[in-house]
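See the structures that follow.
Both complexes shown next keep chain A, but they swap its partner, so chain B is in the first and chain C is in the second.
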Partner chain A sequence: MPKRIDPDTETVTFTFEGQIIRARPGDTVASALAASGIRHLRDSAVSGEPRGIFCMMGACFDCLVEVNGQPNRQACMTPVSQDLAVNRQNGGVEVKV
Partner chain B sequence: MNNNSITSDVLVVGGGLVGAAIAWGLLDRGLTVTVLDEGDIALRASRGNFGLVWVQSKGDKMHEYARWTRRSADLWPDFAEHLAEETGISPSYEKPGGLHFILSEEEDRRVHAQHQRMHNVNGERGYGAEMLDRRQLDELVPGLGPEVISGSYCKHDGHANPLLLLRALHRGLGLRGGRYIPDGRVETLERDGDGFRATTSHGSYLGGRIVLAAGHGNKVLGPMLGLDVPIHPEKGEILVTERVAPLLPMPTHVLRQTNEGTIMIGDSHENTGYSTDSVTPVMSGIAQYAIRCFPALRNLRVVRSWGAVRILSADGFPVYQQSTDFSGAYTINCHSGVTLAAAHAGPLARMIAEGEFEPEITAFSPRRFDHA
Partner chain C sequence: MTRLKDVVIIGAGPAGMACAVEAAAKGLSTVVLDENPQPGGQVYRAIESASENRLRVLGHDYARGRELASEFRQSSGVDYHPGSTVWNIGPDRLVEFSRDGKSSAIRASHLVVATGAIERPCPLPGWTLPGVTTAGALQILLKTSGITYQDTVLTGSGPLLWLLAAQMVDAGSPPKAIVETVPRGRLFNALPELMTALGAREYLLKGMSMIRKVKRAGVRIHVGADDIAIEGSGAVSAIRFRSKGTEHRIATDAVALHQGVVPNQQVTRLLGCRHFWDDSQKCFRPKLSEDRETSCAHVYVAGDGGGIEGAKSAEMQGRLVGLAIAEKEGHGTDPRISELRLTLKREAHVRPFLEKLYAPSRQILHPDDATVICRCEEVTAGSVREAVTQGAPGPNQVKSFLRTGMGPCQGRICGLVVTSVISESGGKSPDDVDYYRIRPPLKPLPLAELADYSADIPGSRDTA
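Right, the complex of A and B next:
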């Protein structure tokens, strides 16, 4: 489980599934969630199995979350900012035809 | 000579879809097989293709190819199941049929005429593709753009995940006792006694027989064993969207939704040599055409793109050849290595094991170009 070396510098807050997450300026959504012990970010669009961070550098697209109502955002590529509303993504995004 | 020479019944040069499928099939026939494969810098169509197992429109000008393609598509369900059982890796093959969208009257006439020419390619079993009007299309695929006027549907078409297919074949190779040598770029080939010697930078390998399945590499390797390999590169670029809930019920010639939920968009044909660059004008052209076919794509983000080079002969049909000067040497080259994987692993591997090409595939000899 990832842990902060120096936890006292968490000055930014955002929500994940309504829960308040404390983050450091410069964190990404993924790093802040990992530091808070949250590993389950979405469910696979195919199997429904839980998915979370894998590469932490924008390549694998495993860390997708919904950010301020927008689906399929990469948590590891989204910098935290005060009052972001992040939600777990359940399955595939429905697209209207 | 070299004291790290390793001997097998058959050496297969190239571990892409073609070499891996043949090697897997040869191992099933009790032969010992070594696969020599170049590293990541090689041109590897098997890692960059669209994943269709496609029958319609194949072999209009060469009915042997239409039949060979269809034979492979008929073998695919068992092949996929067998691979999955043996290796635990499913190539996620599905056969819901496939669609070719038609956006102009002219294309409608062209495809219709092709159906008529090909209706008898498989004798009694027919060609398998039919024209659908817009109303029938709407029942099959809701959400088509207004410009789509008709479509061609073939029930034998399907799709697979080409990377899982390759992975499954490689694992199967190992499980069947084959040897796979990565970073094994073959530099020279020569006769050695009754067999062949393939030399790489780290040693040489001996085989009673040899199958050149090195994709574009065959052009350089073939002549060392008296095999002229008339193939050229043709680039195709592919875009991949973010994952979405099921949207497309079947693959089409320009779009398909993968087992993972992403949508692949493709079908460019570029004459840019061995370049694998992806370039903006082509990518936007591909995206625009796809949106005309299926406007909902407008709402999706593209997350990846790449270019890869097809292995094509002048007429687009396979080049399968047995060397006359060096008996026991073969070269196998083709576009549509996903589609043909089941035929390569089954009947073609058997013919190579038995040392005799059956009449149905002798049409793929490059001798057909001699009087061109």
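Right, the complex of A and C next:
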């Protein structure tokens, strides 16, 4: 189970799949979700298997999520900000024309 | 007109920061592009905003990064662009990058690649399950957000694994167990390198004190572990392995993998710099001159992207490159150049011992046929072996057969394992097998941004 070691309080909120997530300034979407115990961030485009954070430094692209309607955003490279709408990414991304 | 700068540095870790400080102090126009919101790279990540509590838990060597970050911030003449993702480098070192959803370009007289290291891929059964991360990922969570996991099992080998374990002890969440993959007899094999390593003995002492701390905290340590498999449905629930001839199974919801770090080759490969296989570090490194210039003129590598030597050396290499470029630009020879070269040699003394002791384990260098090695495209080691028997001579042919390295990570995670599997099944050296050809964009960028792109920046006063 994750826990925070600093006593600060969460002052930023955003949503993940409609659920309100409380975060701290300096968090990334990935770290805030990790602190909330959310591990499943996307489904693989190949097999549909669940995936979560892996490298946390922008190398592996396993934490791809949809942020404010934009797919393929790296959750670990996206700083939290108030009222972001983050969604799980299911499979591949379809190009909308 | 495109802006022309004397020095463009990619990365604001210890190497990039130190290089910028030295180049700017010599009066060179210096730009630093970095993906992260704050300077520090991975090793000093979030160094400017870490709480006192986090600084205590993360230790002295981390806290030291504050001095360098502050030197970097106070250095006038460094044009620092955090949150910038470099996605291409064209002819004549035209560096194209995205920032705030817009792309721009800077032309560099001298380009310094300070993009550091990534963790060595650790393909094991079940390693794609949520809850399985790299050890570095857990350390980044601790640095940026003060998050630790309770009851984590750390698996693999290397100094970072012990450092993280010690930091987790200090954070009040000691790991549930350490499953160390160093085989029996490895220490004995590494002993011939010990005399040299004593030349940089502070690293050995620090390592021993970390191991003592973890042991004193009562962490269960399983040595010589092999046949590791991670279990779970939807997320990790347990780890299985064999140690000293006995099967073990530990229930856990968090597993962290580590087998050392390796240079991040994306930029130097994109540029077409010559690389060679370093059998001691078991990775490719770019071929560098004494001043750390690559085979591409005016392109330098500072820090672990040129070979793994650690944060302290990365900083010194950054300074060395900054001073060497200044010398080429006619600012005279700085006496610190020869001092830095000497100290760097001394610092490197500990490496052969560590490299022999913590060489990656058999299981991750030669994964079983059923193990997925390319996480993005879910390609197994077995299918890569099959492609080799069908005639694929190297990673680029395997890529077109199987899509390995064609997913969003562009081979960052699977590259070395793919080379290793091809090398083993084809009976060729890693140098002969070689590596993926890396193409732009280095990171995906939205089509709209690309459509909107123009390399010429109107209204810019300093011109090419």
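Definition applied: the second predicted complex is superposed on the first by the 93 of 97 C-alpha atoms of A that agree within 3 Å, B and C clash if a C-alpha of one lies under 4 Å from a C-alpha of the other, contacts with A are read in each partner's own complex, and residues count from 1 in each chain.
In this text, a residue touches a chain if its C-beta (ideal position, glycine included) is under 8 Å from a C-beta of that chain, and two chains touch if they have at least 3 such contacts.
This is a predicted model, so every value here is computed, not measured.
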>> Looking only at chain A, is it chain B or chain C that touches more of its residues?
In response: C
> Between chain B (first) and chain C (second), which, if any, makes contact with A:72: first, second, both or neither?
Replying inline: both
> Which partner does A:91 reach: the first (chain B), the second (chain C), both, or neither?
Replying inline: first
> In the superposed arrangement, which partner chain does A:39 touch: chain B (first), chain C (second), both, or neither?
Replying inline: second
> What is the contact status of A:27 with respect to chain B (first) and chain C (second): first, second, both, or neither?
Replying inline: second
> Which partner does A:49 contact after superposing on A: first (chain B), second (chain C), both, neither?
Replying inline: second
> If you lay the two complexes on top of each other, which residues of chain A touch chain B in one and chain C in the other?
Replying inline: 45-46, 61, 64, 72
> How about chain A: which of its residues touch chain C in the complex?
Replying inline: 1-6, 8, 24, 26-28, 31-32, 34-35, 39-41, 44-47, 49-62, 64, 70, 72, 76-77, 79
>> With touch defined as at the start, can you tell me which chain C residues reach chain A in the complex?
In response: 35, 37, 42, 46, 49, 51, 53-54, 57, 118-119, 128-134, 136-137, 140-142, 144-151, 171-173, 234-235, 253, 264, 375-378, 407-409, 412-413, 443-444, 446
>> For the complex, give me every residue of chain A touching chain B.
In response: 45-46, 61, 64, 72, 91-97
>> Under the stated contact criterion, what part of chain B meets chain A in this complex?
In response: 142-143, 242-247, 259-261, 294-296, 299-301, 303
